[in-house]
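Some structures to go through are shown next.
The same chain A turns up in both complexes below, where it pairs with chain B and then with chain C.
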Partner chain A sequence: MLSYRLRRTLSGLRQLAAATVVSFLLLYAASGDVARNLMGESATREQVDQKAAQLGVDQPVWTQFADWLGGAFQGDLGRSWFTGQEVTEAIGIRFPVTLSLIVGTTVLTALLSAVLGVWAGTRRGGADRFVQVLSVLGVALPGFVVALVLVTQFAIRLEWFPATGYTPVEVSFTGWLKSITLPVVALTFGGMVFVTQQLRGAVIDTLRQDWVRTLRTRGLSSRRILFVHVLRSAAGPAVSVLGLHFIGLVGGAVIIEQVFTLPGLGQYTIGATASGDLPVVMGIVLLTAVVVFAANLATDLAVGWLNPKARRS
Partner chain B sequence: MMRSTHRPAAAAGAAALALSLAACGGGTGDGGTSGGGGTAPRLTLGLNAAPKSLLPTVAVTGGSTLFYTPVYDTLVLLGPDGSPQPMLATEWKYDEAQTVLTLKLRTGVKFTNGEAFDAAAAKANLDRSLKAGANTQALAALAEVAAPDPATLVLTLKQKDPGVVSALGTSAAYMQAPGTFDKPDAATKPVGTGPYTLADTTIIGSEYVYKKNPSYWNASAIKYDEVALKVLGDQNAMLNAVKSGQVNAIQMAPGQKDQVTAAGWQAVAQEIDFAGLFLFDRTGKVNPAMADKRVRQAINLAVNREALLKAVVGGLGTPTAQIFNDGAGKSLDPALDTQWAYNPERAKALLAEAGQSNLKLVLPTTPLAKTLMDAVKQQLGAVGINAELQDAGPNFVTDILGGKYAASYFQFQATDPWYMMQFLLMPQGAYNPLHADDPQLAALIDRYRAGDAAAQQAVLKEINAYVTDQAWFAPWYRVQTVWAVDPKTSVQLLKGWASPYVLSFAPKS
Partner chain C sequence: MTAPSAAAETAARPGLGTRLLRNPLAAGSSLVLALVALAVVLAPWIAPFGPNEGDIADAHQSASGSHWLGTNAIGGDIYSNLLHAGRYSLTGAALTLAVASVLGITAGLLAGYFRGWFENAATAVIGLLLALPGMIVLLAARAAFGPSLWTSMTIVGILAAPAYFWVVHASVSAVRREPYIDAARVSGLSDPRIIRRHVLAAVRGPIFIQTAAVAGAAIGVQAGLEFIGLGDPNMVTWGTMLNDGFKDLYAHPMLMIWPSLMVSTVCVAFTLLGIGLRDTTEGAAAPRTRRRKRPTPSPTAARTADRDGALLSVRGLRIGYPQPDGTVTEVVRGVDLDIARGQVHGLVGESGSGKTQTAFAVLGVLPEPGHITGGSVLFDGTELADAHERTYAPLRGLRIAYVPQEPMSNLDPAFTIGYQLAEPLRRRMGMSRAQARTRALELLDRVGIADPEGTLRRYPHEISGGMAQRVLIAAAVACDPDLLIADEPTTALDVTVQAEVLDLLRDLRAERGMGVLLVTHNLGVVADLCDHVSVMRAGEIVESAPAARLFDAPQHAYTRELLAAVVDDEGPARPPLSTPNEPVPREAAE
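Right after this comes the complex of A and B.
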């Protein structure tokens, strides 16, 4: 298990290094005249050049990257070129919003998928058809459409939840819960389809295995067979899909953040990328890479625990 | 779409006179709603976008004024009719030659970090605006700024300039505490003399929260203990915020008017911006054919303005061929609105006359303007102009101001005629990137500069007619800027300005 963890960690670090280098080069290639954007349209060429020198964007790309990397190693991700805000501070404010969304969505997805997947896989018949219909709807309806329906019904008509905005958990727990409920439900609706289907299929397959029949003949209760043996065996693929779903949400929650105007990383990233705010984008890339790495590692470890054969792959 | 950011933002933290009138005066004419006289705990505004930074050196126009003026006062206040009124400067006068402007400053005013506001602080701010940033051109007429005593500021001009006093009511004269100029957190913890301070709960780029400045020099002008500016870039989110009562006022997209008014809100509109093609290459440096005014006139005649207005902004605007308006969003010369009315046959004839029946014209575009520019390309193509659209991406503004293109689409805030002349018509103007210099136009501008108010108004009409005839631009229409307020809130719009001040809002009593 130790060498398995070590291999996964080294692989994650390689991905982290690749992500930062590639992102930096892409940003460098795509960004326009940042100094001009910053100084305004009426600034003279000299003033713009002076600003470019101050930011260091007049330096060769590798010098700029080395400067950024040197700072990052010391925990200094720099300041936004536009707002002047420290990148770590800005991310520190916004990351909890996005994290609330993706963790909330992952937990709700896991719970609902487990219930629906096991229900459909064991009961079959009407229950299975119901889950299939739900799955088709989940795939067919884009998240933002679900979000708009939820807002209209539960925020505007019933006034149970706020239509827009975010309340930090330290300000009010119930306010926080209310502010993330509709976005989390909207994100879960589409995402749970794949996990549910994966689990349903795996449960059906596993229930047909000879060893399950053997367990039954030995007199174990159906409940024990299902929850102790079958679910552990069937959960591996579903956990992998759930891990991928979690990773997808890191970048995929942008539209939902926009619909609910949540001050998360999504909109911040789009704005920073459009304006060429390199320190901000690189800070977000670094954070995202770390989150993806951690999610991958957690998924691999969970799958490895559920299925010891996976540790050898 | 690209929109002008050239114009220094109209400023004002505390509009002693104007706002008292706004709060107590009831009816507010063309652009306002009825006022209220009470106070309320919180005002929440929904806005389309946040400014790049809260530093005065990068402060620009439009809705962003609302983000700066809670914190920064200006030397003068541009009142509801656009005229300069006292603010941090209580009075001002020119010498006989009108090249030395002496201002008396309000005494006893402090920045929110405790620094004293005096002439030295005002000088430091103006000197900085002159040296760098987005406002250098607004103060280009200044030769020297002097502070002979703490309450007196003397501005020496290079020559008589009709725009200097007004410029002191814009972002060029936002007064920031000089002790914070070089602080790394100056943009996130801005310090001014204004009616509010930026609260720690602000999330830069998403929600800006301002708390009342308890020691503001004009405390009675403050109507809300707290002001929140929510950036609701998504139009659906904006409507949802309106319907669920999360905001008190919004800057509205044209298509939302019916839904917003159905929610019991009041919408007030002004036509401020003009949109169209800026025909930069009047001397043919990039595209020699553009030096011929018949070609530029043909481009004007080729576009069906009514159809474009309807397709792009739902008809909420006025088709026009002139760039200037009367300062209140109406046509300066109604006859010029139709001078280049859609006439493809005449456009073809002019092109043939100029020997340019197969003219090729490269136009920059952005993904946001793609639909609009495709329509324009089609219309130009119908008269034989082969328009090639180039996606300029993030370099759009840099490229057009760098003189790369002979013409470009743009939307521009057309408020103060003098600013428009400085930015659009003068050889060194930022939006005259190929430095077209027409002696006849220069003489007219000189006459405008030297004249009194009545003479200026007459010369302005001549300039407008000349620029329209020479087809320096191909304007399509003036666009409505719409504000909507809920039944509990009143707002005083500023004539000709896209954005009111925070202190222009008041709770209805």
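Right after this comes the complex of A and C.
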């Protein structure tokens, strides 16, 4: 068990490192002459060089990366080249918004897929068809279309939820819940499908296992067999898909943040990347990579807990 | 993966296109996509207005004869714009598809077929692609190369390549192990030829399905990117139309609705096409799920007199499986059985004779859609034929217990042996955790497991087949049942373990006075253990007699055949008949 955790952690760290290096190189290639952009066309050569030296962009790319990395290890992600704001502070303001969306969506997705997947897998028939229709719509309708339908119906017509904006959870819990409900529903609608289908298939397969019959002969109730035994075996693959879905949301929430004008990382990322604000973007890349790493690790551990056999491979 | 067999099927039935057209889902969605593509290609000729044509005086008109879908903020004709914009949207999606498929399929084929260093390298690169933050890569590329639709869609293609890679890699790896690939190699076919002729045929189906999915996603992603303002400002696409429309959503919702509808239609069509393709290539029709109205079995009340005193009394039992054509195939046709307390009743016969089905019927666990079509199963006065689960509730696991055939597949792989032994003790017999544990230890010790403490903590994959069979017997006798139904309890074990398990059953019968229905095809086991024997063949009992009499003076020709086979085989421990369906003894640790 220990070596299993260790191996998964190491492979995750490798990916984290690779993603960071590649992103840095990409951004470096994309950033162009930052100092000149910052100082404007009218600045003298000396002024531009001085600015470049101040930012450290006159150094070779590896030195720059080493500097950034050294800082990152001490929790210092530098300052924005354009606003001078501390990157950790800027991200710290916006991350809770995005995190609320991602976690909310993952929780809702897990709940709904568990219900729908088990329902379709055990009842088949009408339940199956209902889930299939929902799946087609979920896969096919782009998230922003769903979001727009939700906004027009539930925010504008019925006025149950705000159409835009975000209320921090520490200001008002119900306000926070209301402000993330529609975006979370919109995000869930698209991703739920894959988890549900995976779980439905796994439930059907698991119900055919010999040991399910044997458990029945021991007189255990159908409910107990389904929710304790079958669901545990069937949940493994669905949890893996849920993990992938979570990771997809880290980048995929951008569009939904835009529709609901939520002050999350999405808009900030677009702006920073477009202007070539390397420290800010690298901060976001690092945060994203760490979140992905943590999500992968959590998924692996969950799958390992669900399926003892997986711990060995 | 079922891909190879599906592909073999595909190869055997030529004309994927023909079959596709017969699938309503695939045909319908293909038609929609073809119409959209045609309209878009013909846009310069059929669109009433040019792409950038518009008179500001005509701004925000509603639908009319000259402007079918109305006009936008600068007086442009929405209908014409949709057609013109489609050119870039569809070409962009096609570019993504081309990049993703060429990279993903090539890498998947080579990695799956040649393995070795290329596979490792490809897997590492794919892992990296998945770990990269896609949005940031797209944004960085946009900053580096300028806002170009083609650059963005190429990058989306690269990021989507893993979708193809995994599917192709998995299929090819599976095909690679098929004997016909080795045969092709031995017969001197070159690698490129094998890949083209055999391997590609196998992965064709999954590739088509993936293509439909990636195409839909590409349209969606492209529209999404442009919608949030990351489009190419010089190009009108569905996404940029969405972006324009969003700015004025509340005043002029139609500006947003038309391009949304267009994007959604194309995405839905691609998704449905994918489902249609999957059904066609896998030959998987939607499962029939109507709930059958079961014919009520008619318990034959006759001969109750001689059923008195029997623990289990089966009369005229019939078991049927409904077929897709509406008929019912009967696998058991009028079986009579009586088991007294403390009696071991052997049910012998070759595989497929209906022994196991009879056992399942008594336990009420016939696999769907099988069910009892007639007869009576009386357990200590309770009628069980097609009984409700409620009828079984006080019986299963308390008075009737079951030892299954295959030890390794009959333990839940996710729970420890200890949990699985204790669960019925706690749930059914109301023991506390500590009581259940003590009892479980006793049981494991009783069935001859050397290290009960250690075994409790182990998972099923960590013990051997012989131990698993003992655990299953322990679980079955845990509740001190009146009737034990043991289905080939020794078949999967090697000979020495077989003898020990039989001894164990004999002892338990003596200790607890339980009746045993012993299902087996092994006459040696019968001779060893049974008081009474019923011989089953093709769903019927052909002979039933006390064991001694059956062995001394078999009445039925089939029984004599069975016995002769044992004599020829010079040893009662071997199975008397060659049974192709007999489970092969498995290695414990696989």
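Everything below uses one rule, namely that the second predicted complex is superposed on the first by the 307 of 313 C-alpha atoms of A that agree within 3 Å, B and C clash if a C-alpha of one lies under 4 Å from a C-alpha of the other, contacts with A are read in each partner's own complex, and residues count from 1 in each chain.
As a convention for this text, contacts are C-beta pairs under 8 Å (C-beta built on N, C-alpha and C of every residue); 3 or more make two chains touch, one makes a residue touch a chain.
The shown structure was predicted, so the numbers you read here are calculated from the model rather than taken from an experiment.
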item	value
Partners on chain A (chain B, chain C) - clash or fit	clash
Greater chain A contact set [chain C / chain B]	C
Touched partner set for A:18, first chain B, second chain C, both or neither	second
Which superposed partner A:139 touches (first chain B, second chain C, both, neither)	second
Which superposed partner A:156 touches (first chain B, second chain C, both, neither)	both
Which of chain B and chain C A:294 touches, first, second, both or neither	neither
Contacts of A:148 with chain B and chain C, given as first, second, both or neither	both
Contacts of A:281 with chain B and chain C, given as first, second, both or neither	second
Contacts of A:29 with chain B and chain C, given as first, second, both or neither	second
Contacts of A:211 with chain B and chain C, given as first, second, both or neither	second
Which superposed partner A:258 touches (first chain B, second chain C, both, neither)	both
Colliding stretch - chain B into chain C, listed as 367-375, 421-429, 475-483 or 493-501	367-375
Intersection of the chain A residues that touch chain B with those that touch chain C	30-32, 148, 152, 156, 258-259, 274, 276
Interfacial residue positions of chain A with respect to chain B in the complex	30-33, 36-44, 47, 50-51, 79, 82-85, 90, 93-94, 148, 151-152, 155-156, 159, 162-165, 258-261, 263, 267-268, 271, 274-276
Of all residues in chain C, those that touch chain A in their complex	127-128, 131-137, 139-144, 213, 216, 220, 223-224, 227-230, 242, 246, 249-250, 253, 256, 260, 263-264, 267-268, 270-272, 275, 286-287, 289-291, 360, 363, 365, 367, 389, 392-393, 395-398, 400-402, 404, 406, 409-415, 423-424, 427-428, 459, 461, 472, 475, 479
Chain B - residues contacting chain A, complex	5-6, 52-55, 58, 60, 131-138, 184-188, 203-207, 230-234, 236-237, 240-241, 243-244, 246, 393-395, 397-398, 401, 423, 430-431
Touch list for chain A against partner chain C, complex	15-16, 18-19, 22-23, 26-27, 29-32, 124-126, 128, 136-137, 139-145, 148, 152, 156, 208-211, 213-222, 224, 229, 232-233, 250-252, 254-255, 258-259, 269-270, 273-274, 276, 281, 284-285, 288-289, 292, 306-309, 312
